[in-house]
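Chain nomenclature is as follows: A, B, C, D and E, assigned in order of appearance, with residue numbering initiated at 1 for each chain independently.
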Amino acid sequence: MEYIILISGFLLVLIGLWGILSQKNLIKIILGFTVFNTGINIVMVTVGYVKGKTAPILDVISPEEALTSIVDPVPQALVLTAIVIGLGVTALMLVYALKLYQDKKTLDINNFKDLKW
Amino acid sequence: MEKENKNIPLVKTKTFINPENEKRSVTAPDGSIIEIDPIKDYFCQDRPKEYKVRSGAVEKFLNWARAESLWVLGFGTGCGSIEIPPLVTPRFDMYRYGVQMRPTPRQSNVFIISGYLSVKTLKRAIRSYEQMPSPKYIIALGSCTINGGMYWDSYNTINRLDHYMPVDVYIAGCMPRPEALLAGFAKLKELIKAGKAEKANEYVRNLDWYKANQKKIIKDWNMPDYNW
Amino acid sequence: MVAPIYIIAVALGLAFLLGLLKSSSTNLGSLLMLAGLAFIAFVSGQWLYEFLINGRATEMIFTAGFKPPFSINLRMGMQEALLTTMINAAGLLSGLYLIDTLKKTGINSMTVLLVFVMSLNVIVMTRDIFNLFVFLEISSIATAGLVLLSSKGNAFQAGMKYLIATGIISGLFLIGIIFSYLYAGSLNIDELNAAHIMDIKGGAIAIFIIYVSVILELKPFPANGWGIDVYTAAKPGFSALISSGTATAGLYVAYKLLPLGGETWLPYFTIIGAITFIGSNLMGTRQQNPNRLLGYSSISQVGLLLMILGLSNQLGDNTLFIAFSILISHYAAKAGLFWLSGIVKSQNLEGWAVLRKQPFMLFLFGTFIFALIGFPPFPSFFGKWQLIMELATQENYLWMTLILTGSFIEAIYLFKWLGFAIKLDVPSNIVMKFEWNKYLPVYLMALTLYVIGFYVSPMVEGGAFINYIPLLFVLALFALDFLPVFVKNTISIAGIIYYMVDLFSQLENDLMRQIFAVIFLGGAVLTLMAGYNKKGTRAGFYPMALMMFAGLTGIIEANSMLEFFFSWEIMTAGSYFLIIRGKRSMPHGYSYMLFSIGGAYALLFGFALAYASGLDTTIAALGHITQLTTLAYTLLAVGFMTKTASLGLHIWLPGAHGEAESDVSPMVSAILLKAGVFGLMLLFLYMGTGTEGGDKLLYVLGWVGALTTLVGNLGAVFQEDAKRLLAYSSIGQLGYILFAVSIMTQLGWLAGFTYTINHFMFKAILFLVIGGIVVKLGTHNMYEMGGMIKKMPFSFIAVLISIIVIGGIPPLSGFAGKWLFYHAIIQKGWYFQGAVIFFAGIIAFLYLFKLIHSVFLGQLKDNHRNMKEISPWILIPSYLLIIGIMIFSAFPQKILQPIGEMLSVYFPESLHWEGTKAYTSLGYWDGTTIMIVVMTAFILLLGWLVLMSKKIKKVEQFNIVYAAERPFRPETTHVSYNIYAGYKKAVGFLVTPVVEIFWDSMSALLFDFAGWLRRIYSGNMQNYALHVVLFIVVFYLIALGGL
Amino acid sequence: MDYSITKFLWTLLGLFIVLNWGMLMSSTMRRIGARVSGRFGIPWYQPWIDLTKLYSLKSQVSHGAMFFLGPVFRLMGGVGIFLFLPIIYGSDHWSNYSFSGDLILILYFQFFGMLGMALGAGEGGHPHSAIGISRGLSQFTTIEVPMTLAVISLAIQYQTLSISDIVAAQQGGFTTWTLWTNPLATAAGMLSLLGAFGHSPFNLVKAPNEIPIGPPTEYHGVFLGVLRTNGAILHVAEAALFMNLFFGGATNWVELIVKTFLIYFWSVFVGTVFPRFRIEQSVRWFLKVPTIIGIIAIIIFL
Amino acid sequence: MQKIIQDIESRYSVSEKEIRRNNLCFLTIPKNQAISLVTYLRDYQGYSAFTLLTAVDWIEEGHFQLTYLLNNPTNYTEIGVRTMIERDHATMESAHHLWESMQTYQRELKEMFGIDFPGSPRVDEDFILEGWTDIPPYRRDFDTKKYAEETYFPRPGRETNDPAEYMKSKLFPND
């Protein structure tokens, strides 16, 4: 089960990369990027997951049992942070897309090659 | 060239002006303007001086040496110059008499005016003659140098050489053969040894007369009065 | 003591506070921001002070009351303190610099800037890998945010590219973090490092992912198009911060994570670093936009530092010193350059000529460029020195070669740029406005370079003894640059004389050094004397001239290789500035610099091999090189030969000497070239004969010397430019010296010394006098001169005597050299080389006649009729040298005998003296007698001619026999142009510029290659993302896929 | 190192003999040349007459100080070679001032006169002078190549560069001459001598019909006299140098006269047979055959 | 030859033709057609060699006759193109663009006859006579004998007599 999730996580990463690398529309690239990020988050959660253990929420279980019955909380904490950061980055990208669109009235990335060589 | 083209007949009223004789101004590297008078600045303006004719045993010896070492300027002025090359052939062999050809006036003593002399050539002949170091001698070859010969009424050929250059020895004939030329050399030697071949001094003495004659026919006089 | 946590706290607090402010109160906002930046700079600076002065121990700061791995912890140690200080200083200064821009764009951008600087601080300090990730992301977002806020147009494209690329990289980093957490069970870097993840199955992948993302953050070549664009498009003030701050932090991240993978991963760092270093520099050669050029340069420097990190296991304890010295130079220089670029506001390199309006800024520009290349006295010089030395001890020649090659390529474009700034016409459309907030940061960075350079030098082995006194004198002259020439000249001459007296007391028993001291410093005095005829202030001349002479003195004084190399580079820099002062000398100064740097790197390589052979830093180490002996000697010889302009390395000389100013030419020709000779002599003395490789090298050098002579002299024959003719002649004469020294016998060396002394004297005279004439006549072309003997009789005599010496005509001292020479070659058995040299020696007559005839004889030109003699200030030193020549000619044994005795220590004696007469096994020679006989006979014959000639009429110049015509113009009567046409028909094929063609095609190859390679930077962000992915794949295949 | 007056006077006497022999030699050569073409030629005393005349001209011009000094330099070149050459082997009186230097000195002293001529003629300002000098120098660079190779070959053979020692090594009969012991070096040297004497085919320096006698084209009178004096001395001195190097030297004046005559005759002989080379032809020629011979002359000693 | 002449006559207005030999003829043509004909002959009829350009002073008719003599090196024929130009203000179209050597001939005609060729290079420079200031000497109104006598100091020779008269007076003094 974990493997399926892990593999699908990686699959999402690859789909995201494919999107980033192949799409010509800026918005689609950003979408690819979010897919990529989601994939990574899934991978992270999966890595931290231990079969048969519960979420690391101390309200539900007593602290004494916690050590044996909860999954590792760190990856989940990381994922939370990563999601936040991903959100920030995505937002920024969208702002950039907006600005670029205002600048050139297009979202086709082939038009944004002013700086090269 | 100040040549009139429009008016017929083409008779010039003013004297000929040579552009190379005219003053020009150039800019020096420091920006100042320099006036150049070509004749005055580039040529020595001094008049020649007569050299002293000495006498005595030493001078006699030196005259003998001068006579026995006649260096001829290799400048054929007219058709007579065809008679000079045979002199170096075995038949005439002028080297026997101490006569040699030199390629530059600076190293020659004898100037053979060989035949007719056009005005254009006269200018060169005068220049060459004046550039030769004294004592120097002129041999005039052929009738043309004496009275114009067959060119007596030509519009461009002088008639009498001695009005323009001092002549030591005339060789008459049209043309004189090389033998005559050798005889002329012998005569010249005789004169030198006797101390009588001082025509170079005579030229200096009567320089003004000669110059007047020369300038009369050389309209584009583009040299100093005496070519050192 | 303020705890480092306050850096974060205050910055964040202020950032939030700024957010609360009204958007219109930009003044208050900017004040707050600057205060915040100043505060964090103060905190880090205070810690640095504590560590440096009080030797405080490293401190760990734990957050949230837990110990790691359960909490994030920060570390404040020496390194962190230094780096944060650097980052914060750059942040503060950039903030100051950008203040106007920030005010315009509003408070938000100030917040972002503050956060950006703070994030860099945390990146440096944190010991938690996830925290590292978070702040890396914050810094990326801040970067993109700043770009977004403070720029417009194509900068958006750059920011977008940047975001996409960093997005992919950070995603990857996350995966790496989670896997390493999986294997190590901790996020603390120290614990991760201790966990030996490599040993765990699959751990390699985790490490690979972390490393590849860390490396990608450093923008490795070629997956760095996204980074370059940001450098290009961002405001220069911000680019400065990225270049100095982000790179510093990023490198420290790599350093922190190095132990994670252990030594097996180091080579990958090295390889990627090397590729980046060389690749980015190659790209840099084709850049026209200053910011983009600086971007490439930044990335290349990061590549170099990455390489150093990768080599850290070999460099051992020195890694940090090397890395920091190079990092600091890069940091300060790059920040300074980016800031300058903001001041200059030119979109192309040519526009930088505007700096000439503000000479001090030009000086700072030069400082930054020289610091980047690694010239003394900047820290990078010592860093590179130490790096190369250490690599050589590890026998790591490949990396040495790559580092030097990369540095050389870097020099190519940086010096082109510097040359543009110094020499091109000042563009009128660019205005530099003085704004203190923009200028102050630049000043401070330059000052930093000098100060740190001074304090770094004692840390290098052998560096503590470097003599900074001459350099201080140079600085003093810089300060006095506003004074008129007369004063400065007097001060310089007085200083040199004082120093010479001082120096001589140190060189008691070292005749060789004494001779060179006389040539260098005596020559300096004489050539400087010619400077009295200049008017005005002659801005910048004296510091540079004295810098060159300081370098020259330094190489005489040097005891250690470092001192020698230090002085060598100082001399090169000084002479470069001197040469480039000429009107048309830019391309020649440029090629001079490139050859000099190439030569210097060859020297560096050689010195490194010498050092590695016995860990001996003194010059004597050259005497026992055991590592790659032949290569070491060859490299050293090649290094010195770039200065002596031997065949193949000579093409810079004609232009450089020919186009230099009239009194610079003698300095660089008569004096500077002798530095190469001194080096060669030193090298050969230590090398000695008898070693197999050494003898082969000497044999080859002998041929090189002979052919150099031939090529130099033939080249001179067909010159029309008077000074170039002399320059080619110098090549030829230096060929003689190289040949003579390569003979390695007492006679050969005596000949070499004689040539050295003679060449010094006559070439100084010739360049002084001809230089003076060239200036006076306003033309270099000899066929435009003529007839100067009448106007400049004293110059004529000076030149006449010089050419008699060059020609080696008895009785003057040139013949001493020739005589020794032939005896030497016949004793040695180098007959054919000797014949070539003899042939070349007679060819010298052709150009000597051309020189003296075309300039002094023949026809005087119209526009020179009012010419006067050249300045007495040129003639006085010339005639002093003529007196020297005459003394040397009349009493050669007075000088040659002591030299011979000195040399008999090293070589078997093959020349002995009886009174004034010298004997070898082959023949004899008596200079004094020849002088007497020739002088007596000459006077008698002159008397004979005077006696015989009377009444000689002096005539004018056109009174010549002109085939019964008259000359019309002096120009058409003066025979000078292409006077040796017939000779050219016969032997002209020998002067085919093969060497020039070779170097031209080499440089064309380099530029074409760079031009072809840079097409990968297509500007398309997807391509750049693809580069990143491909980089990961290729790296994976090589590192783990067993490729 | 004998600076006494007696030595000086002996040397002066030697110089006088050499001068007169040089003039006689030149007139004889010209007579021989004349006989070849079926003429009588100049009287044997013609050079003396010419010289007398040149010294006694009555008007002369000068272009300047260097123009004046040029002939003195030139004459010094000739006289100097004589002074530094041991003209008669084994004679104290006629070894002149050869104690001040060896063969290298003489090789380089040749340039002294050339330089003076070049400078003097240069100041004359005449284009032909400069052209002549440029030709002369061009040709001279290559003339000296075989000569140098020959000298190096001799130096290897005899292990000395002292002329007296080279002559001493050749004493002991006809067969001990360098001519037989080192024929290749001799060949190279004698071919180079053709150029040094400047007769046809290597007379393009003076080229009378083309650039009227080249460098001295402005010289006349007493200057030309000095140049002619030098010519006479130089021819004998150069021939004597070759005699010393290749033909066993001379132990008395008669031997010197015979040998120098024959050496000089060699160049005249070649000159009467061959027409003039152009400058590049001459340069190439010297760099081909004579140079190769010279190289072989060294290789056989390696 | 005839064919060529017919061809020319069909193209140009030949006012006069004079056939000297079967390989030499002279054609007279108006001034404005002369250069055209010369060019035609050069380019189409193979008369590629320019032999000479000369002038004759017909003082009585008041014009100069110019002759361009052209040679055909393939069939060894020559054609002379004659043209008459006004003696007053004599000018002719320059043909220096056809043959380089034409310049020299035109210079000579300028100097000796005063015929101007506007546009011809160096046509105004002195050719043989340096500094000639009189009317051009080949014009027939120039009296060369008078000029020589005035200028060149004629030597007063011996008295000369007509031999016939002289002998007559000697032999028959009484007649």
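The rule is short, and it goes like this: a contact is a pair of C-beta atoms (placed from the backbone, for glycine too) under 8 Å apart; a residue touches a chain by one contact, two chains touch by 3 or more.
It should be emphasised that the depicted structure is a prediction, and the values quoted were computed from it without experimental measurement.
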Chains in simultaneous contact with chain C and chain D: B
For chain C, the least number of touch steps when starting out from chain B: 1
Busiest interface, counted in C-beta pairs: C-D
Maximum centroid distance from chain A, chain identifier (CA atoms): B
Centroid spacing, where centroids are CA-atom means, of chain C and chain E in whole angstrom: 78
Gap in Å, rounded to a whole number, between the CA centres of chain D and chain A: 99
Centre-of-Cα separation between chain C and chain A, whole angstrom: 50
Interchain centroid distance [CA atoms averaged], chain B/chain E, Å: 34
Multi-chain contact residues (two or more partners), chain E: none
Chain B: positions in contact with at least two other chains: 51, 104, 106, 228
Touching chain combinations (by label order): A-C, B-C, B-D, B-E, C-D
Chain C contact footprint on chain B (complex, rising order): 20, 24, 26-30, 32, 34, 36, 38, 41-44, 46, 51, 75, 104-106, 124-125, 127-128, 131, 222-223, 227-228
Residues of chain A touching chain C in the complex: 13, 17, 20-22, 24, 26, 29, 33, 36-37, 40, 43-44, 47-48, 74-75, 78, 81-82, 85, 88-89, 92-93, 95-97, 99-100, 103, 109-110, 112-117
Sites on chain D touched by chain B in the complex: 30, 34, 37-43, 46, 49-50, 52-53, 56-61, 208-209, 212-213, 217-221, 224
Residue numbers on chain C that touch chain A, as the complex places them: 130, 134, 137-138, 140-141, 144-145, 148, 152-154, 156-160, 163-164, 167-168, 170-171, 174-175, 177-179, 181-182, 187, 225, 228-229, 232-233, 286, 292, 1014-1015, 1017-1022, 1025-1026, 1029
Chain E contact footprint on chain B (complex, rising order): 1, 3, 5-6, 8-12, 15-16, 18, 119-120, 123, 146-148, 152-160, 163, 213, 216-221
